[in-house]
Structure formats: C-alpha cells, structure tokens
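Each chain gets a letter, A, B, C and D, in the order it is written, and its residues are counted from 1.
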Amino acid sequence: MEATGICRRYGRRWAVVEVSFTLPEGSALMVSGRNGSGKSTLLRVLATAIRADRGTARVHGLDLRADREAVRRRVALLGHHSNLYEALSALENLQVSARFLGRDPGRRALGALLGEVGLEERADDAVATFSAGMRKRLSLARTLLQEASVVLLDEPYGQLDPPGFRLVDGVVSRLRGQGATVLMATHQIDHAAALCDHGLVLEEGRVAWRGRAADLPAEGGLVAVGLPEGASA
Amino acid sequence: MAEPLPRRGPGPALAFVVLGTLLLLAGSILGLAVAPPENFMGDVQRIMYVHVPTAWNAMLAFTFAFGCALLFLFQGGWKWDCRLEAAVEVGVFLAVLLCAQGAIWAKPTWGVWWDWDPRLTTTAVMVFLFTGILALRHFVDDPLKRATWSAVATIIAFVDVPIVYFSVRWWNSLHQLQSSPSTVSSVFHLPLRLNAFGVLFLMIGFITLRTRTAGLRLQGELAPPLPEPAAAPGLVPTRAGA
Amino acid sequence: MRELAAALHKEALLQWRTRVQLAAIFVFGASALLLFSFAIGPNSAALRLHAAGFLWLALLLSSTLSLAESFQSEMEQRAFEGLLLLPASPLALFYGKALSNWLQLVLLGVGLVPVMVVLYDAGTLRLPGLLGVIVLGAAGLAAPGTLYAAMTAQARAKQTLLPLLLFPLVVPVLLAAVKATSLLILGDPMEQARSWALLLVAFDAIHWSLCGLLFGRVVED
Amino acid sequence: MGYLEGGWEFVYAAYALSAVAFVGYGISVFLRFRAERARARREAPGAPEVSS
C-alpha cells in the first residue's frame, strides 16, 4: 500500500494534510495521535468511505479513485460505527454481509466465526440488545468475514474488556500470519507496538513522527500522542 | 473537488440590474400607454406585457439551474453549486411573482383569482418543488452533500415539470374546457420584447450577485485551500519505517 | 442480479423484523381516513364522491412515515455504508430498497381499501383494476420516495424535509391515481381509467430509471 | 366572448406588484451579498478573495 499526499477537508478544517507512506505487503502500521488528529479520517479515506480532496493511495497497485470497487474488494474497515442493523440478530447481520460478498456460508460457518469473537451464545439475539463491547466484537467478525487482504482497524480496542484486548491481539497476529496488511489506529501503544512493525503519529492531520513502532516510546513520539515522555501507555 | 469559486464583484451585476430596469421601464411605459387595447381582452391584456416575460424568464432560470446541476454532477466545481443555488432562488422568486400576476389576470378574465389552468397550476407546483430544494440546502450542513443532493433534486424536479404540466392539463380538460390566455396580442410586440430583455437582464444581475453571495458563504464553510506541495504529489513517496 | 437478490434478502429480513411498524403505519392511515370523513360531514353522497381522493391522501401521508422508517435502520449505525464498502453496488441497494418500499405501500394501499369501502360506502367490483391502480400509484411514490428518504435521513429536520420534497413531485401520481380510482368507484362510461393508468406507467418508468441512476451520487461521498 | 371593458385597476395592480417584487428582491439580494462580504472580510482580514 502506498499513500501519496492525502489531504481531506472536514468542514472548516483540514483533517488530514499531505499524508504519505509506503507499507510493504503483509506488514502492519500503527497510526496514533491525539483525539481529532485525523486518524479516523485517514482510515476512512483509505477504505474509500470518503474521497481524498487531494492525493491518493494505491492498494496492490489499484488506485483509490480510479479503481474504487476493486479496492473495496480488497480492503475491510472496522470503523467507529458498527455498520450493523440493530433490528437484526448477530447471525443475520453476518448473513446479510455474506450474501453481498457472493457467499452463502451456512449457520455452522457463521457460528464458528461468532464463536471466534465470543458471541456464539448470542447468535440469535437482536443487536439492539447488545452492549457496546459486544457490538464491537460483532463488527470485528463482520470485518473478518470480508477476508480482505488489507484490514483497517479504527480503535479496535475501544469499549472492549481485557479478554477483548487479547481477542484483537490474536486476530491481528493471525491476519498477519495469513499475509494480510494491517493498519491500526489506536491509543493502546504498547499493544500496537508489539503487533505492528511501522508507526505513524499524526498531529493536526500531518505526520508528526514516523519510524519503527517499537521505537515510539523511546524516540519521544509519545508527546505527539498526548502522553508525557517516558510514560507507558 | 476542485477549488474554484465564482468571482465577480457587484459591478457587473449592478450594470445588468440597471440595464434591465431601464428596459423594463421603457417596455412598461410602451405597454401601458402606447400599445392599443387588445380586441377581446381590452386593457387587461396589458398585464401580459409583464406576465409573459416573467414566465419565460422563470423557465429560463430553472433551465439554467438544471444545467448547473448536470455540470456539477458530471464535471464538478463549486461554482456550479453556487450558480445552482442562485438560479433556483431567483427561479422561485419569479415563479411566485408569476402566480401572483396570474391570479390578478384571472380575476377580471375568468372571474376568480385562481383557476386550475395547467400553466398556473404547474407554476404553483414548481414553486413548491424548488422551494423544497432551497429548504434541503438549508438543512444540510456538509457542503459536498448539500451540493450533490440539491443537484440531484434539481434534476428530478426539472424532469418532473412536464409530467406535472400534462397531467394537470389532462385532469382539467376532462371536466371543463378553459380558454387559456392567448400569449399576447399580435398587434404590438415591442413592449413584450423590451420587457422580456428587461427581466432577463435583471435576472442575470440577481443571479450573478446571488452566486457571489453563495460563493462567499461557501468560502466561509470550507477550509482555506492548502498551498500546493513543493513537489508534485505522487512522485516522492516517503517510506514509513525506513 | 446476485447483488439485487442479496439486497432483497436484506430487505425481507428487515421488513419482517419491523412488521409491527407497518401495522402502526396502517393504523395511522386508517385513522386519517376516519378524520377526512369528519371534514366532510355525514353526507354519504359527498363522502362517496371524494373517497378516492381521501384514500390516496391517506396513502401519501402514510408513505412519508414508512419511507422515512425504511432508512432509519440503515443510517443509525451506518449499516448502509458498511454494505457499500463490501462493496455492494448502489444500484442494487436502491432497487432492493425501492422494491421493498413499493411492496410496503401496496400492502398499505390494499389494506386501506376496505376501510374506505366501509367508511365512505365506496365499493367497486372492478378489483383487479383497483389493485392495478394501487400497484402503479405505489410504484410512483416508492421510487422518488426512496431516493429522497436516503437524503433526508441524513439531514436535519428530516420529518419536514421529506414531505416537502416528495409531495410536489408526486402531484402527477396523485392526480392520475385519484382519477383512476374514482372512475373505478363511480363508474367509467368513457373508459378513461386506462389512460390514467398509462400516465402512471409513464411516470413510474421515468422515475424508476432516473432515481436509480442518481442514487449512487446521493449515497457515495 | 365579448370585449372586456375596463379592468385598469388590475393592470395597475399587476405592474405595481411586479415593481415592488423586483425592487424588494433586488434589495434583499444586495443586502445579503453585503452582509456575507462583510463577514468574509471580518473572518479573513487582508486575505485575498478566492479566485477561480
């Protein structure tokens, strides 16, 4: 994946300014930064949920603007919104997505996927009855269902309990093991640093720091993330 | 989305307004004082000298808005959005005026303020169609969504107008046959032409100035354009990690 | 085609889960029919004369509720955006939604007919014709209604905006459907109902294609 | 259909209404333009106006 000069306006502000990076296939990038620094906007641009006002990115050589549909086939986004139907059950939500993907996995396959995110027992309950953390887990399952080669995770740890943290860690490791490229926007620097090889810190939409994810605390990038120097996230 | 916003000072707009006013004054004096009364309608026919130009220009304004909508959707550019906003508003203004003039015409002619004449009724429907678009613009805050949606709504509304016209004509003709106002007495075309150009220039002036207002507002809503990067984007990708 | 099937599957699931809502909207339409009769007074001849108009007004008022509801579940957690990113084609999503709204309106219309017959003594034996008019009229409401509901669901003042945009647009539908229905009820010596139905067909054809074409621009950033 | 006598009051009403409408709308357009221009200048003093 290769991003070049991505800019995106959000109302009267530029949420993302001239963000460029190259990410080799199969590697993982941690995107960090304070609230409102442009992490989500960047991920949404890369997922083609919104268009860049300037600049573009190529995913497996496919252009974000020109080959939108092809990019969408290869990219999955776990965003802030759960993208779920409140009225439908967990299983039905996955079924709906699967049908659009041209697959019709049986109840068993989807049940296994739900089991993976710890929702097996609630498969037939309406999402409206779910807690925030359970919705996150179900969204994660929905993201996995896409079997995308590039996975964008926006705050994957948000609203999750400690077992949920381990779940996300496990999922990311497994995705990487399968050769997928992972982009993760998060404040959980210690978790992310262990999982990702590259790191990017945004400040007011611009790249404030870039380097190896593991070096972030040592190199003083923490200030940009909003943590005092030397603190452990 | 490209940056360009329309730029034009109030100067040209005012020039159009002055020119339009002069033409309108001349045409109206001719129409009121010099033109002979018409054979059947008598002096009431004189209303046509201002009514018909309003009708033509209202249609022209909506047609222009339709063109702006197409250009915005298929070519892009904020200027088309600003022009669309101006044209729709001016069109609604002219259409409302048209309805009022039509009612004033209808009273002495048909004895009622409102007759379900296809043209009058279609104009009234058009007022509501395009007022809805102005309301839509008012209630959507994101400039890009506002622009796209109002362009889409304008296209649909414009395409709907002829269907409305024919359905009303049909609907009305089935229970009564109505004499529609003949466009204008053939005796005297000069005041009509003068007024038509008068309203046209006034309209151009209004749309120009209104476009500028929309542009200024849009400018206040959008982040200022970023300076172009030193090197052309796409040529010098930086590497994450290293 | 496969995507359209997927979209219809989704709509069927959603419709089934929200069937109580449809019942509530039906009750709303029926109560509107009841209220219209109070506006006329207990004059059975006048009521019968205006029955067709009231039926379609009731359906039009109910339609804004059901159309707005149909995008509620799509927008609250951005499920719709999730589908677009899968990717699902906007065209399939539009026609799925429009067909489902169409069906819903037909059901509402068919449900309101007996209420009309009872309240206004406006029966007809030409049931296939009546069903045809309802089907065509509902289609005319469904296509632009679906497009506008997708817009207004994301705007402020959505409750006001949808009828404001939709009502003037569907004037031809209202005219033609009321005329045709009323001809069916009151007798149609000159066989005019067919030409009104033709007008509805023309309106439907234009708007089902135009709205489908433009829908992608409405939902994509 | 016979010849319509009189009706001058309707003619005057139509012309007066149109004149008032054009003047009124024109003033409204101009005032809104002035207010918007003033706002733009206030928010970005000295900034060049966006040009095409």
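Definition applied: contacts are C-beta pairs under 8 Å (C-beta built on N, C-alpha and C of every residue); 3 or more make two chains touch, one makes a residue touch a chain.
All values reported here derive from a predicted model rather than from experimental measurement.
A.B. asks: Just grab the chain with the largest centre-to-centre distance to chain A, centres being mean Cα coordinates.
C.D. replies: The chain farthest from chain A, judged by C-alpha centres, is D.
A.B. asks: What whole-Å value do you get for the distance between chain C and chain D if each is reduced to the mean of its CA atoms?
C.D. replies: 39
A.B. asks: Centroid of chain B to centroid of chain C, CA atoms only: how many Å?
C.D. replies: 30
A.B. asks: Could you work out how far the Cα centre of chain B sits from that of chain D, in whole Å?
C.D. replies: Roughly 13 Å separates the two chain centres.
A.B. asks: With centres defined as the mean C-alpha position, give me the chain A-chain D separation in Å.
C.D. replies: Computed from C-alpha means, the inter-chain centre distance equals 52 Å.
A.B. asks: Can you tell me which residues of chain B touch two or more of the remaining chains?
C.D. replies: 220
A.B. asks: For chain C, write out the residues touching at least two other chains, lowest number first.
C.D. replies: 221
A.B. asks: When you check every pair of chains, which ones turn out to touch?
C.D. replies: Touch list across chains, by label: A-B, A-C, B-C, B-D.
A.B. asks: Enumerate the contact residues on chain A facing chain C in the complex.
C.D. replies: Touch list, chain A to chain C: 47-51, 68-69, 72-73, 75-77, 79, 81-88, 92, 95-97, 99-102, 126, 135, 142, 146.
A.B. asks: For the complex, give me every residue of chain A touching chain B.
C.D. replies: For this pair, the touching residues of chain A are 2-5, 7, 9-14, 17-18, 20-23, 27, 29, 53-56, 197-200, 210-212.
A.B. asks: Which stretch or stretches of chain B touch chain D in the complex?
C.D. replies: Residue list for chain B touching chain D: 3-7, 10, 17, 24, 28, 32, 39-44, 46-47, 50-51, 54, 79, 93, 97, 100-101, 104-105, 107-109, 179, 202, 205-206, 209-210, 212-213, 215-217, 219-220, 224-225.
A.B. asks: If you look only at chain C, which of its residues touch chain B in the complex?
C.D. replies: Against chain B, chain C makes touches at 144, 147-148, 151-152, 154-157, 160-161, 164-165, 167-169, 171-172, 175-176, 179, 192, 195, 199, 202-203, 206-207, 210-211, 214, 217-218, 221.
A.B. asks: Flag every residue of chain B that touches chain A in the complex, lowest number first.
C.D. replies: Answer in residue numbers: 1, 142, 220-223, 226, 229, 233-234, 236-242.
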